[in-house]
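Attaching a single structure in structure tokens format; questions to follow.
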Amino acid sequence: MPDFEPKIVAFVCTWCTYAGADLAGTSRMQYPPNVRVLKFPCTGRIDPVFILRAFQKGADGVLVSGCHPGDCHYMAGNFHARRRFAAFRALLDFVGVDLNRLQFSWVSAAEGGKWVEVVTELTERVRTMGPMPEFKELEHEELWSTFAGAAGGKSAVLNSPELKEAYDSIG
Amino acid sequence: MKNKLMHLSNETMNVGFVKKVEALSGSSVRRCFQCGKCSAGCPMSTFMEHPPNRIVRLLQLGQGQRVLAGRSIWYCASCETCTTRCPNKVDLAAIMDALRKLSWDADGPSKESYVQLANRLFIENIRTYGRQYELRLGAIFNMKSGQFLKDLMLGPKLISKGKLKMFHSKNRNIGEIEGIFKRIEEMRKKGEAL
Amino acid sequence: MSRIGVFVCHCGENISRTVDVERVAKAAGEIPGVAFSCDYKYMCSDPGQSLLKKAVAEHKLDGVLVAACSPRMHEKTFRKATESAGLNPYLCEMANIREHCSWVHEDREKATEKATDIVKLMVERVRKGKSLAPITVPVTKRALVIGGGIAGIQAALDIADAGHRVVLVERDPSIGGHMAQLSETFPTLDCSQCIMTPKMVDVANHPNITLYTYAEIEKVDGYIGNFQVTVKHKARSVDQSKCTGCGVCMTKCPKKKIPNEFDQGHGMRPAIYVPFPQAVPNTPVIDRENCTMFQSGKCGVCAKVCGPGAVDYEQQDSFTVEDVGAIVVATGFKLYTIDRKPDDSPIQGYGEFGYGTIPDVIDGLTFERLASASGPTGGKILRPSDGKEPKQVVFIQCVGSRAREKGISYCSKVCCMYTAKHTMLYHHKVHDGQAYVFFMDARTPGKGYDEFWRRAVEEEEAVYIRGMVSRMYQKGDKIVVMGSDIQVGVQVEIEADLVVLATAVQAQDGADLLAQKLGISYDKYNFYSEAHAKLKPVECATAGIYLAGACQGPKDIPDTVSQASAAAAKVMTLFAKDQLERDPVVAKVNEKYCVGCFACKKVCAYGAIEEKEIRDRQGNLVKKVAYVNPGVCGGCGTCQATCPSKSIELDGYTDEQIMAMIESL
Amino acid sequence: MTPGKKKLSYSYYPGCSLHASGREYDISTRALFKALNVGLKEVPDWFCCGATPAHNVDELLSLSLCAKNLSLADQVEGDLAVACAACFSRLKTTQHHLKEDATKRKQVEYAIDGPASLNKPVKHILEILAREYGLAKLEESVKKPLMGLKVAAYYGCLLTRPPEVPELDDCEDPSIMEDILRALGAEPVKWSHRMECCGANFTLSRPGVVLKLSNAILESARLAGADCIMVACPLCHGNLDIRQKEIKEAFGAPDSTLFGSIFGSDLPIANTSEDRRDLPIFYITQLAALAMGVASQSLGFESVIIDPKPLLRDKQLL
């Protein structure tokens, strides 16, 4: 697959890694354009469901990156993230996801170079692995992973009457 | 001596000796904070049992006798590297001079008699001739130090090259030199000079 | 949002050189819900901002996306512009196509494609965005300062001078703390009491300061701007409102031989006492454990001689609740002792120094009292055992400090300097004496500090010996000190008359208990933790609580005073507004779905989550749910990712927003 | 003095070594000054300055001897030119100490039975060449540029130390020798040991010390690609020239001699150069005079141990 361009999604915290990526920019460093960055206040905010959903929606590789342990802007958010993702990785491994597609790293606001390194490495690694079709096939199945329905958003999420009834009865 | 337990008290610290060293050298030993820069740059450090910084340290502790008992002071080449680079302007080269003088005056128990001997002959030469007379210096040094064969091959070569003179003429004003020596001795006798 | 405006910036050529901005703008225009899109040379310029405002009005936009530089650069600019166009500022977002795209890629085609993707992603975010209102919390403009040492005094005076009311709470009968005990202070050698006591009097006289001595913090409720603090007033046995401070009770008290804590146990005081003559307030307390009246019921001399009738043996502990908006913690330190500690303590004690049994082995604070003109010896250096003037004094630094295996790994920071000061004081008072100092390093980072230490060595003739002391023992009336000089490489033995140990600075007893009441964090040595070691050195992680002085870690007087004034400045900043306003990125609980598992509470680093009871009209408890205090919430969102029922949500980063972004991938 | 307008003229203190082991320094100095048309008049009946041994054990004697010499020099007109680095250092140090220390000055004046002369400027010939005669004029005066000659300029200890006394140049990074060499058309090499001690007067009492220290200097110069070393001190010259063959025997090949294995093995020595070629040692005045076109026969080359003539011939300077 010589022409395969992997899609990489990066979930980053705003204080360290997002700023680190900014620094890579102001330093005019170069890295593959395959990455799409989603900004969070803290890695502690990142729900594992987001990662699953990203794979489902076409990501071939996912990067989660935040402040170094001990440097969290919110004191302990990244510690919680670290624990959460340690368990989550094991789970993904169990269901058969190649963990090489999922990278966790610490990139500080001063590490523009490290950001470039991490993104480049993951992109090239995933490029050699090829696309990841398994999760995308699940795309049409309904999931509970969002509460868009409750907020009056896309009704598609709760389009079966049984589900809707069950959902409404909770309140 | 080096490893002997050191008792510190007002009695065991010979502050008088240190004060003499400070007066002769015009340099305070207390200024030294033992950074070790003197020993780091000293070309002779490897030949000494007390490297330069330790000499100062021993003086700070009033341990003049430990310093004089060693040969370190006689291995100082007076290159002044230590003095030049000292961050506290401790004039270690001058302190070494002062220590050698005090050892010299006391005819101290130095292990390093060769250097002392060479210095003695050098100064004798000045007193007798007014100028250096290198052949005599070398010959008498070898004789007195018992190293008759030292530099045996070098001597004749240097003579043939015109570097060593066989004969030496005294200065016409040699009397004045003797006067200088005598007046210095006189001042010291009267306690007017160190 | 169904009428979103997208503004693509060229940033001169910074973006347009690698990204085809026109194509991006065109692609944005085709996204459903985007009502307007354009590109412009400099969006951040005045004309650029006007363009944005005009478009909002003309196209009736209800959401704005500016595709330009990093939001860290200009998010504020564009949110302000959006706000002035009449929209809620939080409906404006930025797509970073400069730092994250044009500057890091060279391939124009791919960069344009990526920029378009980023815009699509962010349009979804704008679409699901919500109007947010800044959160306001009312502020009680009254501060509590805990601890009446130099830190607490400085903070209290600064805040009071700024016109705010202050409650100063001190555990001991008098304010003054450790600084009042010191004889002279480095690096200028001015008399500690001379500079300290005027400040103590200022505190007592300040109209804005309410001073509670012999009082402790019992309980702390509330949050930033709105704390309710319960103060316990220990029974003094003397009515402060009646006492004139004449001191007759103290002179008449028959029990006079009680070791005085202020003199480190080396002077004597009666059972009814003030700790030292310049005490503030000058009202005595009765030490009930040592008072004959309290122990056997027979005496009552003090009550008999008290003219105003202030002595009250029946007095009980009392409590007041203080409403304050901010708290400054300034509880100070205590000194390590070399005595053997209980088995469960991590501190080992120093058996090789005699576990504190050699009478002429004293600590630094005791030496301060011996050198102090108001001390038990009237300022003469006399050793405790026989009152003789010591001629050979050995000082030992780093006793307890920097000794991991003894239980403390940190440097106590002040000992190098105060030991140098001690050698000077000693040399000034005992001219024929000799001071020796065993030390590992001389740590003197401070203005005029190294010069001060060098003066002790070079001019005051202290003999500094680099090396530690292995053991000391009593031999006749001497203490044999066995050390080493590692510079010479020999063992050194000194027969000393007095040994002064620079023992470690430790957190106050009970520092951990106070921290638990306050809800602030502390390290393994019970020193309080600042919110950020570099950038928030006086703030606690808990909003509205600030740190001053050695309770945070060993500190000398200049550093303590600086930090106290900094803490006061932080309090004044807080008090500058009537309402506390903050970024509305905070978590909110959907009480309908919350099952009250409180997993969120466990992970909250700010202690922002409380338990809230939901009752029906009859007042019966229906359920307990989580409640986020918006004044305290830091906005990290860890609670949301943790919540198993997805009933807590961080404004600005809702699941809906993020999922929508992921959907657009 | 403005060069060119009035003839430069100096009084001259050669010192003991220049009348004996360093005679070629004296010869070449006189020849150079003659070629440059600079006057040089020897101080009559000068005494030994006391050198290192005197101040080593008796500072007062050292100061007195130098003060005596300075007052003798007063009888001759012109600043006092000194060639020997040790004499230069002692004379300057004496002036410095006696100016600062009134007690010592009184003692010295009693010892020499007369006033100490502290104001006569004492100049090293390097200073005279580079500053008073001037580098530009020196360059103009060159008749036979020392093209292609790679020279390691060796300062040794005493020319610039201690910093407050000689005032000759920067005490850690001097350039005066290199400046002169460039003016002469030669190529100064960059090398590491130009200010390390050669062992100085231990040459008599502890020659082993000299062998070790001088070896490091020679090796550093060889590694830097120098053809020769230039010195301004007869003692340095003696140690590097007279003892060079001995050094080669002692350190020639690793462990080849008893001395090398005993003395050299535990001590850090610069990487051994491959060829260990002979390095002729020149005095500054020899090279300068050569460049000025002075006949090599009158520069004392016959007095040195390492024959410089093959090198000079090779570079077409003879």
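For reference, chains read A, B, C and D in written order, and residue numbers begin at 1 within each chain.
Keep this in mind: a residue touches a chain if its C-beta (ideal position, glycine included) is under 8 Å from a C-beta of that chain, and two chains touch if they have at least 3 such contacts.
It should be emphasised that the depicted structure is a prediction, and the values quoted were computed from it without experimental measurement.
Chains making contact with chain B as well as with chain C: none in this assembly. Centre-to-centre, using mean CA coordinates, chain C is 66 Å away from chain D.
Remark: chain A and chain D have CA centroids separated by 75 Å (rounded to whole angstrom).
If you average the Cα atoms of chain A and of chain C, the two centres end up 37 Å apart.
Not a single residue position of chain C touches two or more of the other chains. Residues of chain D in contact with at least two other chains: none.
Taken as a graph of touching chains, this assembly is arranged as a line, each chain contacting the next along an open chain of partners. Inter-chain contacts, as defined above, occur between A-C, B-C, B-D.
Residue ranges of chain A in contact with chain C, taken from their complex: 7, 9, 18-19, 21-22, 24-26, 28-31, 33, 36-42, 44-47, 50, 53-54, 57-59, 72-77, 80-81, 84, 116, 145-148, 151, 153, 170-171.
Partner chain B is touched in their complex by these residues of chain D: 16-17, 19-23, 45-48, 50-61, 64-65, 68, 101, 107, 110-113, 157-158, 161-163, 171-172, 196-197, 199-202, 204-207, 209, 213, 242, 267, 302-305.
Those residues of chain B that touch chain D in the complex are listed here as 24, 26, 43-44, 46-47, 75, 77-81, 83-85, 91, 93-94, 96-98, 100-101, 104, 114-119, 122-123, 125-126, 130-134, 137-138, 141, 145, 150-151, 154, 157-158, 161-165, 171-173, 176-177, 179-181, 183-184, 187, 192-194. Interface residues of chain C, counted against chain B in their complex, comprise 391-392, 432, 434, 436, 454, 457-459, 461, 463, 465-466, 485, 487-495. Remark: chain C residues 70-72, 96, 98-101, 103-107, 110-111, 113-114, 117-118, 121, 128, 531, 541, 585, 592-593, 603, 605-606, 634-638, 640-642, 646, 650, 652-653, 655-656, 658-663, 665 touch chain A in the complex.
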